[in-house]
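Presented below is the structure to which this report refers.
First chain written, first letter: the chains are A, B and C, and each begins at residue 1.
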Amino acid sequence: MRDEVILLVEQCLNGLQFGLLLFLLAAGLTLVFGIMNLVNLAHGSFYMLGAYFAATFAPLTGSFVLGAALALAATLVVGMAVELIAIRKLYGRDHLDHVLGTFGLILFFNELVRLVWGPGGMNLPLPPYLGTSIEIFTDVHYPVYRIAIIAVALVVALLLYLAVMRTRVGMLIRAGASNREMVGALGINIQLLYTLVFGVGAALAGLAGLIQAPILTAQIGMGENILIVALVVIIIGGIGSIRGAFIAAIFVGLVDTVGRAFLPELFRLAMTPAAASALAPALSSMLIYVLMAVVLVLRPQGLFPVDGK
Amino acid sequence: MLQIRDLTKRFGGVLACDSISLDVPVGELHAIIGPNGAGKSTLIGQLAGEISPEEGRIFFNGRDITRLPTYRRSALGLARSFQITSLFLDFTVLDNVALAVQAHAGHSFRFWRPARDEPALRRPARAALARVGLESRADVICANLSHGEHRQLEIAMALATAPRMLLLDEPMAGMGPDESARMIALLSELKTEQTILLIEHDMDAVFRLADRITVLVDGGVIASGSPDHVRMDPQVRRAYLGERTARRHG
Amino acid sequence: MTVLFTARNIAIGALLAFLALLPVYAAATGQFFPLTLFTRIVILALAATSLNLILGYGGMVSFGHAAYLGVGGYVVGILAKEGVTSGFAQWPAALAVSGIFALAVGALCLRTRGVYFIMITLAFAQMIYYVAVGLDRYGGDDGLTIYRRSQFAGVIDLSGKVQFYYLCLALLLAAIWLVWRLVNSRFGMVIQGARSNDRRMRAIGFPTFRYRLAGFVVAGMMCGLAGALLANHTDFISPASMHWTRSGDLIVMIVLGGMGSLFGPLIGAVTLLMLEEGLSRVTEYWQIIVGPLLLFIVVHAHGGIDGILASLRRG
């Protein structure tokens, strides 16, 4: 029984970590959508770039942290460049155009990465001080790195919250989300604001990517699969709402991780082992989508919809 | 025909409609006037079924329609025109009206016969267009019409649904003097055939057409009665002549 | 009848003639690769045509349509593996199962609009993808090989390249004709009206949800049929055929060819797949060109090829 509890605690922590990672992705997506009314499918490409940049800069500089910082900066720059060159042309168009245009960007970035870094993917080894585990309860060990991820993500979430709620720029962001004309009329340089917001969104995605890189390795196309989970998060949370994204992300992260870990167990209680092992993998992947479907039935605008849309 | 009882709607802290009550008997042309922000659009929204009231009831032809969805109200004979033109811009004028006819011509799970070949749809559509004077423009793409013609088309579409009552939301919005005169003429003809609830800013039209007038200010009814009565009412004069009343917060 | 011989009609006529005569050329020269390529093109054109019904005409941007390709294909594959190889059983089953999925997904998605709708269709398609990956018994991620094509008791032999090609072409043309009748019928008027101005449709008395759902189901079933054809064509079905990027490909075909035009999806399928074929011979990194090209088309050539051809008449 104690083993079960340990497993549960572990999985909850993993779920929390995954949720926070999803939040980093979802925050960027929902910011961009909320302010620029733009669906950016290529958001996953920044996630991928963050991982690849980190895997390149870390061995180059010899330091994991320095490599990560450089990767973050590089992703920010790429994000702003993409906004200037490509995304600008899509503002004001209908959502199908956004989807198609950014889909084109995905294709472009996947091939670009393949061209520059080759098809094989890259590893990002952890420095020794991050590679160990610590004892969080008696006899229960948890990897230091995962704790670091949770800490970093929480700090970023806090900074984001403070930035959006307490600064002038944040006020503009919140105002922009519900009243674009007013912000424009205030004489604020909307173009610059958009470039910045897009860049920050990209950097957040890149951060999530580089954080995941030591665990999952950097791979071509890694952004697409997690992008969809991030979309599920913002659908559940309500498009345009950062608070919604946070709560939904944690929720989704927990449901997915804990669900995948324990669903086979639950199934084995109810049916034959053969049936359980046949059904469990398929159904555990379905969990978060079922969750999304339930939310859609009960509250189609999401749990924390932003007013004035 | 239409009875509104204590209709109340709040948006956050703002009381858009404050316990509005109103009756429109059969055959009457009842006008609603009031300054901007008085709650006229919110009222129409609730009558049409796009906004749900917090409190109050709406009775149409004896039936409580307060919770009915929009398309069911249309089926019962409540037709509406929009203040900001809301048409099918990429269809022809005739197609626009034919759609309105089709909505009331049985179900549309018919997959075979081209709808544009159906006289049962096209004839009433042409008749409605003729009624408003647009029959010569039947085959023009809607997007290519002038603003005044759009407003006429709005009325045609409402008429094509063979309504029992018309809800007209500022039909003369944005019209020049000639077009307005034509619209007033059309409305005076229509009022002999239809029950009409008219929202308008154009006072000339209102006082010429209305059998009774209700004045809304800040979400509440401040006067209701015959045009002469309303013209003389001191509160109405105050509301229109100056002193802006502060928005009520509920 | 000068109106008949517009640039657009000539182009479409030429394309159809080419498609009809291709097997003759293949049989004469013994070169069957073009036939294989074009069988695939025709099948994907069928899938794109089904999507065009709801996207081009109905304005429902479903980013998960490739899921029905997978569903149709898997029904055929699973039944074949379980011993049911008769096409008379498999194909109606593929249609039925696709229809049921479309009904379920549509009932949930169509309660939303705009970008929500796009994202939700994407999410559900991904869900179906993961379900397929989880089907260990049927190959999971590696996919399922189909050892015997659908049998039609001698009426037609699907392993014959030419016969199979003509069947696919016939089904595509039948589908285009069906779409033509649908969009001009009363039903089609409702779908198009809902795309143009859904609020007004409800104001004049249409309960638009049920009609859009019906359209969604028809499109899903048509695509399921394309999936059954695809499974037979490749003798294989895997989750990759319903990855959401495949849905993106279908949308690209429609936009490239011209949304809301009858032959647009076919034109788009031919163009996209020929482009891929051609570009991939030039460089293995051809997608680097397709990406920005797509962006360019979205920004500058909005009506697709059909739009360009149609404007040639005026110009």
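Keep this in mind: contacts are C-beta pairs under 8 Å (C-beta built on N, C-alpha and C of every residue); 3 or more make two chains touch, one makes a residue touch a chain.
Since the structure is predicted, the reported quantities are computational estimates derived from the model, not experimental observations.
Think of each touching pair as a link: the shortest run of links from chain A to chain B has 2 of them.
Of all chains present, the one whose mean CA position sits nearest the global mean of protein CA atoms is C. Most remote chain with respect to chain C, judged by CA-atom centres, is B. Per-chain CA centroids place chain A at a distance of 48 Å from chain B. Chain A and chain C have Cα centroids lying 32 Å from one another. Centroids built from CA atoms put chain C at 43 Å from chain B.
By the touch rule above, chain C contacts chain B in their complex via residues 181-182, 184-190, 192-193, 196-197, 199-208, 211, 214. Per the touch definition, chain A reaches chain C in the complex via residues 33, 39, 86, 89-90, 93, 95-101, 103-112, 114-115, 224-225, 228, 231-232, 234-235, 239, 277-278, 281-286, 289, 292-293, 296-297, 300. Within the complex formed with chain A, the residues of chain C that make contact are 55, 61, 63, 108, 111-112, 114-116, 118-120, 122-124, 126-127, 130-137, 244-245, 248, 251-252, 255, 285-288, 290-295, 298-299.
Contact residues of chain B toward chain C in the complex are 48, 50, 69-71, 74-75, 79-80, 82, 86-91, 95, 98-100, 102-104, 108-116, 118, 157, 161.
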